[in-house]
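Look at the two complexes coming up: chain A is in both, with chain B in one and chain C in the other.
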Partner chain A sequence: MRKGRWLVKRLIYIVFVFFIISILMFAIYKALPGDPVKMMMSDNVKPEVYQQQYDTIRKQLGLDQPVPVQYVKWITNMLRGDFGYSTEYRRAVKDVIGVPMRNTVLLNLFSMVVVFLIAVPLGITQAVKKNSIFDKVVQVITIVGYSVPSFVIALLAIYVFAIKIPIFPISGVKTAGFEGTGIAAFLDAAKHMALPVLVMSVGGIGSIARYVRASMIDALRMDYIKTARSKGLREKVVIYVHAFRNALIPIVTVTTWWLIGLFGGSIVIETIFLWDGLGKMMISGLNQRDFSVVLAMQMFYVILSLLGNVIMDIAYTLVDPRVRLEN
Partner chain B sequence: MQTENKKVLLSIRDEKQYFPIKKTSFREEQKYVKANDGISLDIYEGETLGLVGESGCGKSTFGRTILQLYPQTHGEILYEKDGQMIDLKKQPPEKMRELRKELQLIFQDPYSSLNPRMTAGQIIGEGLTAHGVYKKGDPALRDYVMDVMKKCGLDDYMFGRYPHQFSGGQRQRIGIARSLALKPRFVVCDEAVSALDVSIQSQVLNLLSDLKEEAHLTYLFITHDLSVVKYISDRIGVMYLGNLVELSTTEDLFERTMHPYTNALLSAIPTTDVDDKKRERILLEGDIPSPVNPPSGCKFHTRCYQCQEKCKHEVPELKDMGNGHLVACHYPLTK
Partner chain C sequence: MAEKNKKKKSSTAQTAAKRMLLGGGTMTEEQEAVLTPMQMVFRSFVHDKVAMAGVICFLFIFLCCVVVPFFMPIDMYYQDVTQANVAPGFGMLEVPKGLQGNAKQIAIGSTFSVGIDEEGNVYEWGRFPTDKLKKLPSDMGKITQISAGLDHVVALNEDGEVITWGNDRMGLSSIPMEIRMGEKIVEVYAGYQFSLALAEDGTLYNWGNSYLVDMKFPEGVQGNIAKFDANTDIVMVMTKDGRVAALTGKSNTYTAIPEEIQGHVVDIAVSDESVAAVTDDGMVYTWGNNIKKSQNLPEEILGHVTAIEGGRYHYVVTLDDGSVQAWGDDTFGQTRVPSVSAPVKTIVAGYYGSYAIDENDKVYSWGLDGYLMGTDDFGRDIFRRLLKGGRMTMTVGAIAVIISTFIGVIVGGVSGYKGGKVDNLLMRLTEIVSSLPFLPFAIILSAIIGNSISETQRIIMIMIILGLLSWPGIARLVRGSVLAEREQEFVTAAKALGVKEWSIIFRHILPNVITVIIVNATLDFATCMLTESSLSFIGFGVTEPNATWGNMLNSARSATVIENYWWRWVFPALVLAICTISINCIGDGLRDAIDPKSKER
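Here is the complex of A and B:
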């Protein structure tokens, strides 16, 4: 029952933090320079009509009211599921945000699967064969992988796989004018996703493999590994059951942040590959002073990271019996 | 115990264990820590052989090398199996895995030697399922583990608990129960009681000797605590810097100490007798030399209080001084 009470307490705490952050965020965006109404209006309006139109739009958006009133209105609408009106797209934020979010999650999910499928076995093998030639070579590759900026890798990948050997499209989410369904649509999407996934995976594999290697080396050094060996267990059992399960604790931290990151688009990669995702949306929203979109996204990230922390704490108790959830 | 007509369980011949040191530059010659530098001895079935020496003299390495937990550098470790002596170093991994059932180890540190993610029952039972004694989830396994736990002074309700929920003494009992559950023939007790406080030490020592009588075990008892080793051992070996310097029965070692190093060690045992004026504390000067570049000749000559010219050049052999009392010294003490 302790777990239930702990969870309730944490959730109440999250609600408080959420409101405090929402006030701060709202204040910050209100204080930003730039006028969304001006951005919405076209320039070739006669000066005498201009002021009249300006006032009408301002009133429509509710920007003529005092800031605290605006906040209360905004937050109640948010809680009802109405995220406001996008001044850039002239549609409700809810309708604008759907497709980019799907694209970003899809891209990140694929690269996450690729990263973990490669990085975890790689890190384990490195740790088991510590200081061998294999380990040293892979260490150099991983450090290059995660220290070279992603746009460099992206440009290289485009140059090699889209220009020199044109097997993948340079950019975009799907072929222009493509009208297929089922497998054809999936193949088309996969083809477009290949390069961005590749670029995102390089950095990811670099860092995750290093995490796995380091924590596996720590685990393999422990006396209980000698205990396991002296029991006469098979080497596979020693490595995967005894060592890896204990090496999971730092890996859980990294994985949880990745899971949260699934929803945060990578601004650089999405811009280079013209990937219609959340990262691109955030940048253009900021450029266009489209604060409803940006604020809605920010609040979404706030909720994600608050929940992510709770998930991480619960995950710790699953991998380590010494961790207990207490108030 | 008589030395005659006893069965040799393990016969160790010129065992060496070197560990490479990380090179600081690429062209540097590869150096080694000579943790064990040529040890030969026999272990008889049913005896308790104590092994003493300073920290870092290679006692633990010796115990672990016998059990093939390190890739052995040199020498033979002959183990009696069905009337034949087999060399453990030459066994293929799968065969060695089977032999591990008979050769067990109790660790020094009860805190780091138990997997924190497994319950006591899992820790004790895992070896049994790995060797196919019981099937996983077999109710008989549970009964057997409970039985072993009871023998080692652990209660039934501790079965499902994790190591961090136990005290140091209880953890050490789990370690003992774990190694004895496999019904081994030979157990290396690597500082098995050093991490425990004195009252628990005696409990665990009594437990170990009771279990020995019951299951006809052979112990290699590694410790730096001379009073413990005197209490539990039939024979005692003294190690210095990777070599065996003296080996004899317990009584003989204390009565007729022959090696100056052993003499210095024994003089360091604290006494409660205030009137004991005869006893003179022999203080050894300096630190234990580096096992990377051990001194020439007798390794002990740099600290020996009766060192002579010969000791600096000639390596003393381990000689039998009668009654199975072996000593490696050019000028053994006589009392």
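Here is the complex of A and C:
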């Protein structure tokens, strides 16, 4: 009961944070260079009617109203999914972000799956075989993995897997002019996704494996592990059920932070691999001064990071019933 | 034992008395036993091999970036297309053995040199911009004169036949009809995408890319030419009656020829944007733009000069006593002339190198011998930019960390000590800042603010953005540590003594949590360097012409560069990787040293 109330409280709080951030975004929106009214007006307006026309458009855009009213209008539009008009694509922003969003989510989801499938068993094995040669070697690899910037790994991966041993395409989402469905389309997409996913996973595997290892070692030292062993439970059960469950809290925290960073970090990866996703769209939007698109992207990242916070809260309550929820 | 006795002898009566009072045990032993926490941390840190390796690596890179640029200066705005994409390595001035002691003439091209010996054989050495240069034409006969340009060579054999090889595009291979029809040629010249040939009757022929150098002969010059020299945008000639003329229809910096030298000139040379002429009384006159000190000639040579040669930003002269002098740009050691053992017969200067041949046909060389890490697409030395870039990346990272640590410590300290409503408010603020998506936010801020400001302001802006966005982590840590410390007795004591709150937080509590702050700042430094590099890499951080490791990689993003010019991305990537790995190792080592419990992991 208390847990439910706490979650509701957190959710309300996160909505509050969202509005604070949205005010910040609105400030950025207002700070954008260029007068939106002038942009709407055609160039060959006679000077005598200029001011009149200027005022009319200003009124149409609602810029004559006080700033708080403008903000309310802006945020309602945003929440309705009306992100404005893209000058680059000459269409409404919500019509053009569908495909990139799908691509970005796909890329990040795949990397997430890869990271968890590798990092968690790796970290656990390291903890169990603490100080063995295996542990030491993997430790070196993980420290390199999370230290080296993703774009360096990307350049290296392109050099090795796309140029020296050309098994993967250098960039893009699908082969140009590719017309196929079903398995063929999936294979083509997978081939293009291989390198970006590889690059994005390296950093994640590095940091998450290190955290899993550290918290597993802490957990394995606890008395209840001794109890479990002395009860005659199988080692597998001891490790994966008793120890790992208790090691999950720090892992959940770091995973959530990593997840939020993952979507932000994919901007760099998407620009390198010309992956038609939100990050690349945001960069090209900034370069083309298409700020409606940029703000929509920004909104997406904000919502994503807040969502990450909610997921973290829920995950805490799920993995550890002891979590005290007042604070 | 002996040492101990010595110490005892040297100890004063006072310490002896003290020892008697304390009852046994020497002072030295006691001092060894007691270590402050800081000393403990330091000891265990020094014994951590990985962390020490990190410290050494990082310090090495740091010192290189700070010290070496003083010895190897770099002009950030410098660009030279003739030096673009040169592979790393040295040996551009390494004269082949067959030529040493037997050299007749040498010519310098962009990054390679050619030479002929007394028998007329051709030698080539250095770094070749195109492989076509290595394919020497067969049966050239006995070569009497040779010249090298950007990426092609022109030679003249004893039958007066003009031969060219190397780059054959832009009409470089189409030798004019008059020359092929048997016009008697006495001198050939290979320049930047064009070639020149001087006939015995004083006529100058040119072929190749004529858009770069638009030759217009003033009256009475064509057919009367004795000597000539050229750079990338002008051909200067000296006529048989000792006059100088610029082969251009416009009036520009090259046409501002001093009147008093006309009729007395014996030799001319051209460097980038300036011209020098030697007169029959041994004086040197220069005009044009004084770029990179190319017109700052030494006073003591005046009146003794016999011949002059011009490189890209330097001049070399021979004096009447057979010695050699040079002045101008010294970035690659172009003016550091080696000592010669015999009077010099010929000098050659071109691009960034120089040769001198003495009477015994011995060859001396100085100037640009090669690039340690190659050059980029603008011909800039990658090694020098790497050092400058390192300095920039580290400065931005360090200042960003200082800003974020400062904010984090204040917010965390106040929040942890005060508790209650203040804590709640500050922590909510922390949460808001930390839920801002970092990279997208940094990008958008940099794009909006960075639009209308200067380069320096832009760099400062990047530091501030990074600092302002990355403090929540440190604030949380400090708050946690302060929460634990504030219930301790010494705080209660300080409160009871009436010490001000501000002073309690920052003078009593903070020193106890300083270790946490240091570790976090170290790790944050690595993160900030990485973020700066990422931002610069996608073009929203520090921009050209300023170098950072990130923006050096930016230009190396295309597949062509990754494949063909590996040195342009391998070196910045490597040094960035080593740097961040070392910092992370140092941070981990510090954490282990401070919290011995974590070492057991």
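In the analysis below, the second predicted complex is superposed on the first by the 256 of 327 C-alpha atoms of A that agree within 3 Å, B and C clash if a C-alpha of one lies under 4 Å from a C-alpha of the other, contacts with A are read in each partner's own complex, and residues count from 1 in each chain.
Note that a residue touches a chain if its C-beta (ideal position, glycine included) is under 8 Å from a C-beta of that chain, and two chains touch if they have at least 3 such contacts.
From a predicted model like this one, the values you see are computed outputs, not experimental measurements.
In the model built by aligning both structures on chain A, chain B fits alongside chain C without clashing.
When the two complexes are overlaid, the chain among chain B and chain C that reaches more residues of chain A is C.
When the two complexes are overlaid on their common chain A, residue A:Lys226 makes contact with chain B while staying clear of chain C. In the superposed model, A:Arg245 makes contact with chain B only, not with chain C. In the superposed model, A:Val268 makes contact with chain C only, not with chain B. By the touch criterion stated above, A:Asp218 is placed in contact with chain C alone, chain B being left untouched. Seen from the C-alpha centre of chain A, the directions to the centres of chain B and chain C diverge by 100°, a value given as a multiple of 10 for the model superposed on chain A.
Of the two partner chains, chain C is the only one that A:Ile163 touches; chain B does not reach it. By the document's definition of touching, neither partner reaches A:Met78: not chain B, not chain C.
Judged by the touch definition given at the top, the superposed model places A:Val310 against neither chain B nor chain C.
Per the superposed model, the minimal spacing between any CA atom of chain B and any CA atom of chain C is 7 Å.
Across the superposed pair, chain B and chain C touch chain A at no common residue. Of all the residues in chain B, the ones that touch chain A in their complex are 64, 67, 69, 93, 97-101, 103-105, 107, 109, 112-117, 126-127, 130-131, 162, 164, 175, 178-179, 182.
Contact residues on chain C toward chain A in their complex (touch as defined above): 428, 431-432, 435-441, 443-445, 447-448, 451-452, 526, 530, 533-534, 537-540, 553, 556-557, 559, 562-563, 566, 569, 573, 576-577, 580-581, 583-585, 588, 598, 600-601. By the touch criterion given at the top, residues 222-224, 226-235, 237, 242, 245-246, 319-322 of chain A touch chain B in their complex. Chain A meets chain C in the complex at residues 17, 20-21, 24, 28, 31-33, 130, 143-144, 146-152, 155-156, 158-159, 162-163, 170-171, 213-214, 217-218, 260-261, 263-265, 267-268, 271-272, 282-283, 286, 294, 297-298, 301-302, 304-306, 308-309.
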